[in-house]
Structures are given as structure tokens and as C-alpha cells.
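Same chain, two partners: chain A is paired with chain B first, then with chain C.
After this line comes the complex of A and B, so read on.
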């Protein structure tokens, strides 16, 4: 296996190292943003306005943490599954470097000049093309690895990861064109923006996380997935309907009714892939003590938690797309809680799980501190629960008590992420002296 | 290997990931490829799951089509609000079409008491509208008379009528007056152009709050045609 892992080392270390740094930074921004909502607050300094911190935290989290981590892990996963030996790893490294430079510029701009009108597209116009080219260099390796696989065999994890990588680049370029560079009319901009956000959340981040789910559930449990022949239906329906869920965010706004209704239909139709994915993955986990084995495997503990959260969040999205429910929940903190459920409790947990398995493989070392792993798990679990619950609890209106819970949860998350990042750096660097000296188990 | 044996090892994934009892990557891909190709897990026998999934998918698709057609207002690009009244939401600003049939109903309700359903009027008091040069020609004449009324003696076809018509049109909408005028101008041997609601609106605006016309005033403004 080291034939495959060894050439990955440089780009993987660079990308995952950046991801861990961005995660820490995003947690700091997020904590400050939550503290701003407390009655005492941080004062009226412009740079520390809640909106700026929140936007900076979102960008750092999605593009910095999830983006870099997925570059690294998707490349690693598809290299494993396709027996792919990367030869031009420097391209991925260069892509990652420019991605991070552009992102640093974006973050500084959001803090100093304030965010733009469109979440996740609120950075300087010039950064868009840099990010797109960087992504093409660093993020499309799964496609190469899949195309070059030696046998005709393939596996659902590969489809999800390849689909996720292609979907992001497509959505990003189209959103850049229609929203930033050649703005379409207002209504089209809003529709394109909502489509972009859902594509990032469900296809790129969610799709990759589901890919990890398919891989690790089967691998750790050492059994085929339940009703696996349905996986291709799950994959296609997931990628078909995910984009159509976007207009549900625009119910009640002045976009044509049929677009809004298509969003509702998209949200409900997502229940089909949710059911099939649940059948594949949770079905396999529910057989023969799967859950307890998942609990005892660090990777699968995180991933089974993440998968459950992703599926729950999509079910919640279908429920809240009902027009009557939506009218009550629109403009409340409900969508915030749902976002945390999907992106943190869902996607990020899966990424954590995958990294616990991938980092030792690539670096040849091992996780140095079991205590740090425990700290990380419990802090991020409790932090995620606290954040989600406080968001849902404030649907009726902001309350100072729940703001304290949210700030406390953010502090817990920061603690967990510090433990994770330090542990990850030790693994990436410490294991590096002689990767060949450790016999690989596989 | 049971859970207790794994306990000492938990949370410290060894090198090589999930450990020796996990699938190897090659085996994992191969096993699933075979399942996908054979559609059924071997030794499982007939499964209800695929049938169930097909039915479920059909049910979702059926509901989706139903929901989309019922909640999209004909896929109109200008329909934004499900709760908006249908007419304004789906057809936009209504286009007026003068309708003699509507005009007849309105005539019977508002005018026929004096001018009679036959349009012949009553001798001495209410002048006839049938075959009358007063209702033909310039549409402004009939609109003005309907809007503010007319008092005084008129002579039609040799007979004199001394009537006092009130401002019937003040209580009617522009479109209703246009329908009535259109009907009157096309019934009982009359053959004049239909009247549009915008013409009524213009005249109503120009008249403001003036009182009844006398026959002399109205004929000065709009002389009878031949």
C-alpha cells in the first residue's frame, strides 16, 4: 500500500495541515461571533461585528477546513480504491497553495471590508477565478484516479466522491458567472445563489461525506453493504434531486411560483435517496452488532454519527419545505440549526472519521494521544449538540440564556478542534521519518 | 473477534486503518462490484425490496407531478404568490372587451325602467333609444348623458319628450357603462361602434363633478349626425 501512499505524502500533508489550521481559525471566528450575541458582547469594533465574524467563520469552515480536508481525503480515498499512484502530486500541492492564499485574501477582505450580499460568494471578485483554477488543480484528482483504475470494478464511494468533485467545480463556475462576473437579473441571481449553496452543502460536502460513509461502513464492519444493488439508484437520485432542493430556501420570496414549488418537490424527493442510503449504510450498521463495533472504531464512531446527522438533516429539510411549516420557520434560527446539523454534525464528523484512518496511513505514523482523541470526540459531539439545540430552541426568538449555551458550545468545539489539530499535526509530522519502516497491515 | 477484545485497542487506530479484520480495499471493491452486477445478494433469495423501491419511487413521482401542477399557477413567470387571487395572478392586467350581452343585463337593471326593455321609451317623458341619432355617432354624447344625466325638452322624430334623467352612471363602473353603451349602440336598429372602458374613464375624469346637461349644451358639444 505504501506504493500508493508514499507519493501522496507531500500534497496530503500540505492540504490536511492547512485544513486543520482553517478549522481552528473558523472555530475562533465562530466563538467570537457567538460571544457577540451575548448581552455583554465584545463592543462595537467594526471588525468584530457579528455579521463579519459569522461570514468569515463560514468561509473559513467551508472552503478552508472542508475544502482542504476533502482535497486531501478524496484524493487519498480514490487512490486506495482505484490503486492509483499519483505522479504529479506537486500539481495538487500548487493548487492547494493558491487555494489557501486566495482564501486568506477573502477572509481578510470579509473582516476588513465586510461580507457581500451572497453567503459563500461574499469575497472579492478577483478571488473567484483563482479559487476555480486552484480547485481544478487540487480537487479533480479523484476523477483522474477513477478514470485510471486498473479493473472494471467500481464502488459507490468512488461515484459519490467523483460526482462531488465535478459538481463543485461546475456549480462554482456557474455561480461565479451568474452572480459575480456577469450578474443576471435579480431573481436569477437569487436562484443561482441558492442553487450554488445547496450544491456546495449537499453535493460537494455531503456527497464526499457519503462516499466516506460507503467506504468505511463496509470496510470497518468487513461486510458488504445492505441491499447494495440499490446504491446506484441512491447515487443518481441523490445527485439528481440535491440541486432542486435549492429554491425551497426562496419560498415566499418573489421568484416564480413554479420555481418555489420545484424546490419543495426537490426537498421531498430527497427522501428517496435518504431512504436508500439509509438502507445501504444504516442497514449494514444495524446488523449483527454493527453499531457497537462502530462505537469501538474511532473512524466509524465519527462516521456513523455523521451519516445519521446528514440523513436527519435532509429529512428535516423535507419537513420544513412544507409551505405551512416553512411560513412559521422562515427567517428563524431553524435554518442555522439545520445547517450545523448538516455541515458540522454530518459532514465534518465524517471527515474527522476518515482522517483518523487516513492520516496514519499516509504519514506512516500513529495518532500520538488517545486522550486527545477522546477530548476531540466528546467536545465536538457535545458542542454540536449544544449548537444545534440552542439554534432550534431560539426559533421563537433570541434568548440570552440560549445565547450562553451557544457560546459555550462554540468554546467546546474550539477545544475539540485544538485537540484534533495538535494531534493531527503530530501524526502528520511525527510519523514522517521512515514511513517504510512500519509494516502496513493491509 | 468480539467487542471486549477490541476494547483495549479502541480509539487508537493502528497503522493500516481499521485493522486486520477489515476488508482490504481490493476485496471491498470486488465484492460490491459483483453484488451490483448480480443485482441480488446470493443466497438471499427473492427480495421484496426492489419491488418496494419501484412502488415507492412511483408514488413519490406521482405526488411530485401533482404538487407541481397544483402549486405553480400554470408555470407562469409572473405568478409569485400562492395566496394571490387567481385572476390577477395568472392573466396579469385584464384586457377589456366590450360585451353587448353584459350590457343588456346592465341595461335591464339600470335603464329599462324608463327607456323600457324595448328601447322605445314612454311618450312625453322618456325618449326612445331605438333608431335614435342621439346614441349613435360620437360616443362621448351617450357616455356624458349616462354619467351626469340630462334635463330638458328634446324632440325626436317629431315627438317631444320632457324628461329629467339623473346621473345613473355615477353608481356604475367605467366598464359597466361601456358595456351598456355598447349594447344600446348595437340594439334596436342602432349600429354604432362599441365603447371602451378607457373612453368612459376619460370622460368621467373630464366632467369632474358637474351636474346634469341640458339638451342644448350636449348638442353644442356633440352635434347629432345625419
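After this line comes the complex of A and C, so read on.
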């Protein structure tokens, strides 16, 4: 284990271990929510109300799984890139601990007392400050690692991860104030909420995942990215335009027309960074057998899939912001499919890919089970495809058959996540001694 | 070091700009919006909510009804809401000024409820809708089919949902 990795071990293990637990829990909630929509339902217990299960699944997935995993992986990645040796790792661990305690409280409260009106902000008001402070302790390490890096190296991956980390904290605090503590008046709440959701999705989660892309594509292929000189333009346009896409989620709603139009413009502008990022990353993958090399690296297999999905979902968002298209798609299951494409097939695949490389480095162990890696890959790929297809297929109207496909896909995802979580735990506690027949790249 | 400052500041500004433009901008435009009569001397609209409806909204929130129902009617040029009979006019910002939390919603597994109060002809219509199996979680009726206190409050809330008055921004035709 290197001098960089060794002091990371305790906070990383705590954070990533929690992430794996939350991922499993989120998959259980999400499976229950899908079963709830089957004709048979889930009975009359109010804990199983669809809105509660869905909110619990969403919070566990975004804050529990993605949040903890990004605390761990962003810290690891920026320590690597800047040759940064963390000193006060206990602060990250304490932050992670309180983040998880607050989140547990939120989850219980959503199931027992019910969610609020606004997705991703639907927890008790008192939890907000705890989450914000915990994030400052656990989630800002990439910024420290970048500021204090002895090497002076300056890579696109670092910009994305640092930008993502500070963007989340700012968005979270502003949204807490304007939606929860001192709610803006009437429909302005909905505008603020849409801005928060897009900031979380595109800046925090998407930004970090793209950071992994910029690092791993060039690292695994062992060559520079395509047209790398455009990366800084890609980064700045992505960060500048992302938040403006928010009100495209409110086309036709009783909010000012100029706000809706700004959303449409934002969505179209996002095609610029998508093009540039695609050029950098997919361009590099498309040269000299890059895709087949990606397929043969566990990390890059997940990450190249994830990057493609993220870019595709942003293109879809631009298409569906067209007013005529939007008139037909709004309020349907289209946005569910779009969300899964971005947050699961996109961000989560990138997180999986990064963790296949990072966990052995930090723990000094190995991924013990190649079979579990295969199960994880195929179950999550098929589960993601099934979920997205069933959502898009029900745009014209809900059908029990597709509801079964959706529930079956959720079950597949749960299976994949169990394989991943158990394998990750074995790696983290260094139990993996057996030789690995399907090595993560390194 | 210089890089560092540019990066962090730049990312914060990029995050905050759309907030300032969109959220602060709409608050500046709509923050002082209140009830208003459709024409001189008419009653102030939207009407005040009955107390039981206020309790009913809490039930609606806590059971996550918003995950399957919207409460907004889009204008005629934007979707078929009005043609489908969900309302006589588009929803406007003023319709929501009395609501502490706005339950616009963004998915319709069930129908839009912005005008459910004017669609439902009687209390028993509402209870019949709530007795459907899809609504089973959390809604209790006793052996003779009488609703408990929560369902009664919820029904009062549902009956209060109506945007069937003229508004200065959206007159009824």
C-alpha cells in the first residue's frame, strides 16, 4: 500500500461500506415501490404507500449510496492525482458518521411519517443542517487535496470533482433555505426545487462521474484523451449551463414563461459540453481498439457504459425540452426512464467502475470473487436496460405487463447489488486472498 | 494556488448564477402576488381553505399522493389537459398563493386533481375514489364502510381543490 493510500483506509472503509449498505437498502425500497404498482399491490399498510417507498428509495440511493461513495472515491481520486497525504482523516470519518445517522433518521421518518412535497428535500427540517455540516466535513476533502497538492498537477478530472463538491454544498444550503426553512412564495418553491434537483444530478453526481471518466479513460488506455486542449472549455460550459436546464422540468406549469424558456435554452446549450466531453472521452475510446480494451478492463467497462449513458441522457433532455415533444411526454413515465439513464446507467456505472479500481488499492486486498463481478455487471446492465425500456414503453399509458418487467428489472438490480456489496465488503476488510481471474485494471 | 482559487470561485459562481436568475428572479416577480378579484368588486380569489381541508392536506402530503397525482392544468397550446376536461382554464401562479407547500407534482399515474373538487359531485364520489385498491395504503374505513377521521379530512381537502373561478391572468371563458 502506498503512502497516499494507507492513511485513507479508515475513512474510506467506513464511507464506502456505508455506501454499499445504502445501495442495497435503496434497491429493496425501489423493488417494493415497483411491486406496489403491480395489480396485486402490497396491502393496506401505510408504510408501503407508493410515495413513501419511492421517496425512501430515492433518498437512500442519492444521499446514501452516491453520497457516501463519492465521499470515498472523490477523496481517493484527488489524493492520487495530487499526491496528497491526508492528515485529519478522522474528520472525514466523523462527517460520514453523522451524514449516515441523519440519513437513517430521514429514512425512518419518510417511511413512518411520510415524505414532503419535494423530491430529494423531503426529510425533517432539522436534518438539513446536520447533513450540511456533515457534508462539509466529509465531502470537501477533494478541495483540500487539490489546494494542498505538492505536485502542482492540474488535470480535468480534478476540476470536475472539485467543482462537483463545492456545487453540492452551495446548492443544498440554498435549497434548504428557499424550500424548507423559509419557503419562497407559492410556485417559486417549484422553481427552486427544480434548480436543486438539476444541480444535484448534473453538477454533483454527473460532475463527479465525468471526473472519473476523465481520469480512467486516459489511465486505462494509457494515452492522452482526444483533443484534450478542449477539456477546460468542456468543463466550464458544463458547469455554467447545467443549472439553467432546471425549469425545463416545468414547461407548461404555472411559473413565468421566461423561466420555462430559460430551461429550454439551457437544455440546448448543454449540447455544447456534451459534444466536447464526447470528443474528449468517447473520441479517445473510439481510437485504436479503445472500446475493446475498455471491455476487457472491469473498471473501464463500467465507466465507458456510464459515460455513454450520461451523455445520451443530456441529449434526450434537450430533445424533450422541445415544447411540442414536451407536451406529449410531460407527466408520463418518460422522466423516470430519463432519470434512471442519468443516475443509474450513467453515474452509478461510473461509480462502480471507479470502485473496482480504488477498493483494492486502499484496502490492499483483492476483489475475491470474479463470479460476483460478472453477476454484478450483467445483473445491473440488464436491470438498467429493463427499467429504462419499461419506463419509455409506458409513456403512452401504464400497462400491467410493463409493470411486471419493471419489477423484474428491480429484482435483477437488487441481485447485482447484493453481489457487489458482498464482494466490496470482502475486499474492504482485506479478506480477498484468492487469486483474481478477472483483474480490475491497474 | 492561483488555479485553485479560480476553480473554486468559478464553480460556485456557475452554481449560483442560475439560482439568482431563476429563483430570485421569479421571487421578485411573484413574491408579492396575493389574492385578487377577477373583476372590480368581485370576491377575492383563490378562496380561503376550510379548516378541515388544511388538515386534509397534511394527510395528502404524508401519504405521498403527490407521487401519482399532479395539481396543475397546462395551457391549451401545451398538452391536452383542457381538452381532456382537467380544467376550464390553465393554472396560474395566483391559484397557489395560499398554499404553504405547493403540490404541483410531476407525474400522473392517476388523473390531475387541480379541479377535482368541481368534478366530484358529492362526498360519496370522493369516498368511492378513495376506496379503490390503488389507494389502500393508509386509508381506513370501518366495517360499514365509514371513513376514519383522516379520510374525512382528506376528502374535505380533495373537495376544496378547484380552479374554476376567473383569475385576472386567466379568465374563464
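To be clear about the criterion, the second predicted complex is superposed on the first by the 429 of 442 C-alpha atoms of A that agree within 3 Å, B and C clash if a C-alpha of one lies under 4 Å from a C-alpha of the other, contacts with A are read in each partner's own complex, and residues count from 1 in each chain.
Rule of thumb we're sticking to: a residue touches a chain if its C-beta (ideal position, glycine included) is under 8 Å from a C-beta of that chain, and two chains touch if they have at least 3 such contacts.
Computed from a predicted structure; not experimentally measured.
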item	value
Combined model on chain A where chain B meets chain C, clash or fit	fit
Chain B versus chain C as contact partner of A:367, first or second or both or neither	first
Touching partner for A:154 - first (chain B), second (chain C), both, neither	both
First (chain B), second (chain C), both or neither touched by A:396	neither
Which of chain B and chain C A:255 touches, first, second, both or neither	both
First (chain B), second (chain C), both or neither touched by A:220	first
Touched partner set for A:162, first chain B, second chain C, both or neither	second
Which superposed partner A:299 touches (first chain B, second chain C, both, neither)	first
Chain B versus chain C as contact partner of A:323, first or second or both or neither	both
Minimum C-alpha separation between chain B and chain C after superposing on chain A, in Å	5
Overlap of chain C and chain B interfaces on chain A (superposed complexes)	154, 254-256, 258, 262, 323
Contacting residues of chain A [partner chain B, same complex]	1, 80-81, 83, 151-156, 215-216, 218-220, 222, 224-225, 227-233, 254-258, 260-262, 264-265, 268-269, 271-272, 275-276, 279, 289, 292-293, 296-300, 323, 356-358, 360-361, 364-367, 370, 373-374, 377, 438-442
Chain A-facing residues of chain C, complex	1, 3-4, 7-8, 10-12, 14-19, 21-23, 25-27, 29-31, 33, 61-68, 70, 72, 74-75, 78-80, 90-93, 95-97, 99-104, 106-109, 112, 133-134, 136-140
Partner chain A, residues of chain B touching it in the complex	3, 6-7, 10-26, 28-33, 35-36, 38-41, 47, 49-50, 53, 56-57, 60, 63-64, 67-68, 71-73, 75-82
Touch list for chain A against partner chain C, complex	36-37, 41-52, 54-55, 113-118, 143, 146-147, 154, 159, 162-163, 166-167, 170-171, 174, 178, 183-192, 195, 199, 203, 236, 239-240, 242-244, 246-247, 249, 251-256, 258-259, 262, 266, 323, 326-328, 330-333, 335-336, 398
